[in-house]
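Attaching a single structure in structure tokens format; questions to follow.
As written, the chains take the letters A, B and C, and residue 1 is the first residue of each chain.
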């Protein structure tokens, strides 16, 4: 941290090595405020040019120390380098946009404003705070006069409730797509309608439904169709054959005496 | 100010701020050392004897109490503020954000059915009102918030409610990690 | 006992028994008719000026508080509020002085973006509230302070913020430097 008190003299400031500790600052404006406080006690009199140089030196120093410098510090450095050039150049070219002086004044304003707010915050925290310095009646006797609000709920509670609800909602809106898988019932129905057309051994694969889009559906259809053939085999309507483990499964209509030759259509 | 007077002031402050009557021991522990607690208590008792607040000793412990003769000035029906239930708060928030909204829509957003009293309670509190009827089958009643709602919550108009992005920016709305799905516990 | 003295006693008792600061209206409603509330409050204030408990006006409402100089005799661990970070106190101060103010404006003053929890924490503590929306593109939400803020810091009203007049006079509460230089974007 740059200590910011008791260094009024410019020569002293100039001779002071810059202490580089980026963690000590909350952003470039904060760093500039700290540098400005070194420069002068009265923030209304800051020299922006000098401040720009100090800041650039500060960033350069940090770079040499190979400290990681956040992007906004570098943006500020680039902007200050530009401002410095604007301030140093004679104001001859009458381009649009604010002059160097105007830009400097605005920056000085921002620094003063941040400084003022920081002082105000310190002053506020130095007040006699309720519960820290002064205390309310510890045991009010409960005569709560004119309190027309029956419910104790703040806007914060309402917002919180809504936010929680939305959070739950976002998290739980999990729509499960209906899976177009072939069911055993469907396979049974399909095979039943086809069974008359399987006079000879055919591979099971041939009886899968059409419109299968991927391997996943294919495997599911194969499993349900197999289950259906097993069921139909059990009830004596089909025959199944597999010559070796993992080899293709073949299906054939079971010839039943009663149906022989009659149900081919 | 004499030493005793100073100690009397401390004793007053301690007794005032205490949430329970204090016994001699705890008083002595908080007062400066070597003070005469009996003398101090007697002083305070005398000081406040004719005031609106008196020092009394109950069960060996000391506290301030309003003077008994003023009891009838202290009486006023006490409407102790009750906490609004979570369900009611959430319902109120949903109505505020989605008005005009029907009961069924509220239930859909909350994911649970609305218990009978919730809307009644909010209507009674004067925060919501009937807005009209939806032009859909069954013509369900729609609800919205009232002027009292705005006044109570210090809102200029209903547009002043922060949007989802703003809730997010204020840190209220937090993305929920997927692990929590199904537990219904969105507390961060 | 004179009429005024009697009324002073009642006022003491009322203020003492109340759990929250009381405004003039509530006090008048409880006191006997035709009493001079200003005079009574002044009397009580004087009576307690040097006592261990003082009458103070916070947020335009009256209450007793322990004398600030006795702070170190009070049992701190009981209600010690959690320490606010520098970012949080600074944000609170900026909101107090610049209200109504948007999140973007707070960030501009601080020169850094606001971390997620800061506003949430201040909202939860009940010190800030939503004020409305700025009539600018995007209609951003604006924030301001609450009555609890005044109570916590013991301020009579928002005009009592330290140095408010000086800051105003120095133009530091305006969005732009007092000279109001150009529209050039000098944003760092």
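Note that contacts are C-beta pairs under 8 Å (C-beta built on N, C-alpha and C of every residue); 3 or more make two chains touch, one makes a residue touch a chain.
Just so you know, these numbers come straight off a predicted model, no measurement behind them.
Asks: So which chain is the furthest away from subunit C, centre to centre on CA atoms?
Replies: Chain A.
Asks: If you tally contacts for every chain pair, which pair is highest?
Replies: A-C
Asks: Roughly how many whole angstrom separate the Cα centroids of subunit B and subunit C?
Replies: Centre-to-centre distance between subunit B and subunit C: 18 Å.
Asks: Centre to centre, by mean C-alpha position, how many angstrom separate subunit A and subunit C?
Replies: Centres of subunit A and subunit C (C-alpha means) sit 36 Å apart.
Asks: Which residues does subunit A have that touch at least 2 chains other than itself?
Replies: Residues 135-137, 141-147, 154-155, 159 of subunit A each touch two or more of the other chains.
Asks: Counting only residues that touch at least two other chains, what does the list for subunit C look like?
Replies: 14, 16-17, 30, 64, 66-67, 74, 123, 129-130
Asks: Mind pulling up the subunit A residues that touch subunit B in the complex?
Replies: Touching subunit B: residues 135-139, 141-155, 157-172, 174 of subunit A.
Asks: Under the definition above, what is the set of subunit B residues touching subunit A in their complex?
Replies: Against subunit A, the touching part of subunit B is residues 13, 16-20, 63, 65-66, 74-76, 78-84, 86, 89-90, 92-94, 96-97, 109-111, 125, 152-155, 161-162, 164, 167, 172-176, 178, 180-182, 184, 186-187.
Asks: Taking the complex as given, what residues does subunit C use to touch subunit B?
Replies: The touching residues are 1, 8-14, 16-17, 30-31, 50-53, 64, 66-67, 70, 73-75, 78, 103, 116-121, 123, 129-133, 139-141.
Asks: What residues on subunit B touch subunit C, complex-wise?
Replies: Listed in rising order, the residues are 1, 8-14, 16-17, 19, 30-32, 50-53, 64, 66-67, 70, 73-74, 76, 154-157, 159-162, 166, 169-172.
Asks: Quick one: which bits of subunit A touch subunit C in the complex? Just the residue numbers, please.
Replies: Checking each residue of subunit A against subunit C gives 26-30, 44, 72, 75-76, 79, 97-98, 102-103, 105-110, 112-114, 116-121, 123-125, 127-137, 140-147, 154-156, 159.
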